Amino acid sequence: MKRSYNLAPVPINKISNSFAEAVSDIPSGASIMIGGFGGAGGQPTRLMMALRDLGVGNITIIGNVAGISKTTGYGWPDHLDPIDQGVFFESGQATKITCSFPVPGTTNPISEIEKAWREGNAEVDIVPQGTLIERIRAAGSGIPAFYTPTGVGTPVAEGKEHREFDGRTYLLEEALAADYALIRAEKADTRGNLQYIGTSRAFNPAMATAAKITIVEVDEIVEPGGIDPERVGTLSTYVDRIVLRDAEDPLP
Amino acid sequence: MKRSYNLAPVPINKISNSFAEAVSDIPSGASIMIGGFGGAGGQPTRLMMALRDLGVGNITIIGNVAGISKTTGYGWPDHLDPIDQGVFFESGQATKITCSFPVPGTTNPISEIEKAWREGNAEVDIVPQGTLIERIRAAGSGIPAFYTPTGVGTPVAEGKEHREFDGRTYLLEEALAADYALIRAEKADTRGNLQYIGTSRAFNPAMATAAKITIVEVDEIVEPGGIDPERVGTLSTYVDRIVLRDAEDPLP
Amino acid sequence: MNLSSEIMGNDPAPRLGRAAIAKRVARDLVDGSTVNLGIGIPALCADFLPDGIEVLYHAENGILGFKELSAPGEGNPNLMDAGGKFPKLVPGMAFFDSVESFSLIRGGHIDVTVLGALQVSRTGDLSNWMIPKRGIGSIGGAMDLAANAKKVVIAMEHTARGGIAKIVEACSFPLTAPNCVDQVVTDIAVIDIDRANGRMILRETAPGWTLDDVQASTGAKLEIDGDIVDIA
Amino acid sequence: MNLSSEIMGNDPAPRLGRAAIAKRVARDLVDGSTVNLGIGIPALCADFLPDGIEVLYHAENGILGFKELSAPGEGNPNLMDAGGKFPKLVPGMAFFDSVESFSLIRGGHIDVTVLGALQVSRTGDLSNWMIPKRGIGSIGGAMDLAANAKKVVIAMEHTARGGIAKIVEACSFPLTAPNCVDQVVTDIAVIDIDRANGRMILRETAPGWTLDDVQASTGAKLEIDGDIVDIA
């Protein structure tokens, strides 16, 4: 039987008054996708700060790169302060992360996430980047599982179903959904259509489709028609809440 | 072992002088994707005419809608002549089609494709539209197979692997590739980056990724930079040949 | 006029027209929802949206948020819906490709789809793509929509030509999806389907029609749960 | 200077610098190809593209066709590559999301990827993401690239700190992908790998180095097939 329906009216006004309000219902134990790639651009930095300030614990983070920006400055122009998912390990809120790039090449200094892992306070699930994004995309697209060539013959393959198609071996990988997605876009219209810019797309559009509640942080909100229909990167159907950044915000 | 490589230089000039030249190496027995949706917009009508004129036989067509435009006028404004994949059945070139919508609701008049099927001259493989596009996308994305809920409990499920994930039953569907993709875009730059317009995207972007040779019919060719990097719908890597339509061409 | 009524000769009152069926379906559409309308009577729903209700119409070929159609013959070939009609460009629209379009459908993000049917069974099985004696039919997006939309509404005439029941105990035609239909709106009745328990519950009838009248044109057992009201 | 040479004390001639390794790799890049460069020595290849050769550089975070980098500190946060550097906007570039980026990789559409390595085995197994004693490492895009690019080139120093061989009979570190490396370019040698037969063929050496010299720094058997020439 297909999923049941609950057709409560969708709020026509999806705009939240503050970052704190937008994340206020996130409970302890939630799984939370955090968009972007790593480094500056495309990260919902204000939503991340609001989640940290909310203080809920036992959360699972899903994101690409974690714990390396603050340690190495990776991908941040000199004038910007690095922020990454390491903050949730520093605060003790996160107990697990699923990501592709949890630590920098060096161990000096050690990142917050590696520290938490070494102390047994955090589970770190390391997934090839292409498998991670495809699993997220699958969750949003109604695909419960797919086969991929990536990871065969490596530790990633352990415990996974192997299957041959046309003479090549593949792994079965399952969809990865979350309770919340915190994402970043350049612009939203009031319905929730989103426009992205440059390389700040990354994990954002797929995450928007894969969470029960998608919250987006934007630099601009426009009326319907303020985004070229050819440039809509995420459909309004996927977006639940929109929060506008302050134009003077020093955070990237 | 991963696929082997053959790094012959990619032609820097991908522009063909004519539609006939662009399709001239398509052999008998080839599998050929034809882009668009059905109806006007996004169909490579001149490439289709060139393939018909080339006359090669025993071809397999992969496309969404087939054989209904000419019969019903489906999706064609009054001033345009309907064209569809039925032409390859009328000409006797096609012996098989994989599509989602091969016939109109009525049998009066009967379409060329239904006629060929009734006479035993053509195999018609009817696939749910979402499964068809996802199989094409999978072929271009290195995914040999995936599970989908669509088609369970219907004739489409016959002979296919069934599997349960999280209490729901799914079907295993395999990637669908082709020898050639004939597609349509609004604009190409000389490298082969493509820009689409409106609803003329449809099956074109996915097909561009899933064929050994992708040939695109465009209304305009520009220098690199003539397409906004935010608007590139198909990356140049996927495009092998570009043919420019005549601005006065009466075909849609 | 519906042919079946003439043949069966037992209609107690007029059947509703196609527009009235569409209007009844449209009445239940929820503000802000994403809706896909099939070809035929379903497509007419767009004309009867209640005042103050904003719905995002989706079409499989890659468009969301369209509203009115262009005047006949004036359609832009690059702005088509999945039924071969030509919408107008309106603010807030979005274009995308078929991959994204069916991710939206398969992923369960369509709130309501309204489809036509050849047969609907008591348990919510739907047949709407092939008549067996023809041997060939078109699936299009129907299987994806029927299997994955949050709510599946069937809008159709209650009986087929010759008075043959379309609402049946079990479908004899090839299925589009099993156990998927939530509601059937016809020219004489509104029926909810309790998919979990395989029960059909008659909620509304055309004015002048009773449960027995509707049951006589229906091939599956109809149950009652509360009052039956007139379709309005 | 390479530490290993000091410890082993048997270098017959200077080893090449990082730039020279990158230059040698860049020499083989083919006009019009799509190329992904890893972090470190691989990233330097972009500076040594032969005249007249146009290559489309791809980065995993969703950019194709970039060329030079912005001046230090002047990067646009919305125009980053996967190594955390900031390219300039140039004509013909394209932006896309991670789904599309890895479709390009996984689908086998990357012509060449140049990666670093911790270990490469005789059969072309690659280890480049985790040192076992640390117990944690970063996979990033490396597994997708190594398993699916048409050609995988490793650009690295021939030996690790202390003169420990990085080219080995079998990798002792966790694999990135088995049987994937086509060529290894180091500071003393260019080695082709016949993946189908599990053979390493020495093609070129740093000036002043012989087969025996290179073999002494290599943990896998090197074969010869034709002349060995100087790396140029």
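Read from first to last, the chains carry the letters A, B, C and D; within each, the first residue is number 1.
As a working rule, contacts are C-beta pairs under 8 Å (C-beta built on N, C-alpha and C of every residue); 3 or more make two chains touch, one makes a residue touch a chain.
This structure is a prediction, so every number in the text was calculated from the model and none was measured.
**Student:** More C-beta pairs touching across which pair, A-D or A-C?
**Tutor:** A-D
**Student:** For chain A versus chain B, what separation do you get between their C-alpha means, in angstrom?
**Tutor:** Roughly 34 Å, centre to centre.
**Student:** CA centre of chain A versus CA centre of chain D: separation in Å?
**Tutor:** Taking the mean C-alpha position of each chain, the two centres sit 30 Å apart.
**Student:** Hey, how far is the Cα centre of chain B from the one of chain D, in Å?
**Tutor:** So the centre of chain B lies 37 Å away from the centre of chain D.
**Student:** In chain D, which residues are in touch with two or more of the other chains?
**Tutor:** Each of 95-96, 102, 105-106, 147-148, 177, 179 in chain D touches at least two other chains.
**Student:** Quick check on chain A: which residues sit in contact with 2+ other chains?
**Tutor:** Answer for chain A, listing residues that touch two or more other chains: 1-2, 134, 137, 141-143, 148-149, 196-198, 229-230.
**Student:** So with touch defined the way it is at the top, what topology do the chains form here? Options are line, ring, star, complete, other.
**Tutor:** Its topology fits none of the listed shapes; call it other.
**Student:** How do the chains pair up in terms of touching? List each pair.
**Tutor:** A-B, A-C, A-D, B-C, B-D
**Student:** Applying the document's contact rule, which stretches of chain D touch chain A when the two form their complex?
**Tutor:** Touch residues, chain D against chain A: 39, 59-63, 72-82, 84-86, 95-99, 101-102, 105-106, 125, 134, 136-144, 147-148, 174-179.
**Student:** For a test of understanding, state which residues of chain B touch chain C in their complex under the given definition.
**Tutor:** 37-42, 64-65, 68, 74-80, 100-105, 107, 114, 117, 124, 126-131, 133-134, 137, 148-156, 186, 196-206, 233, 252
**Student:** Quick one: which bits of chain D touch chain B in the complex? Just the residue numbers, please.
**Tutor:** 30-34, 54, 56, 58, 64-65, 89-96, 100, 102-109, 111-112, 147-151, 177, 179-180, 182, 195-196
**Student:** Which bits of chain B are touching chain D when the two form their complex?
**Tutor:** Residues 1-12, 137, 139-143, 189, 191, 193, 209, 223-226, 229-230, 232, 235-238 of chain B touch chain D in their complex.
**Student:** Quick check on the complex: what are the chain A residues that touch chain B?
**Tutor:** The touching residues are 1-2, 134, 138, 141-149, 163, 165-166, 168, 170, 174, 196-198, 229-231.
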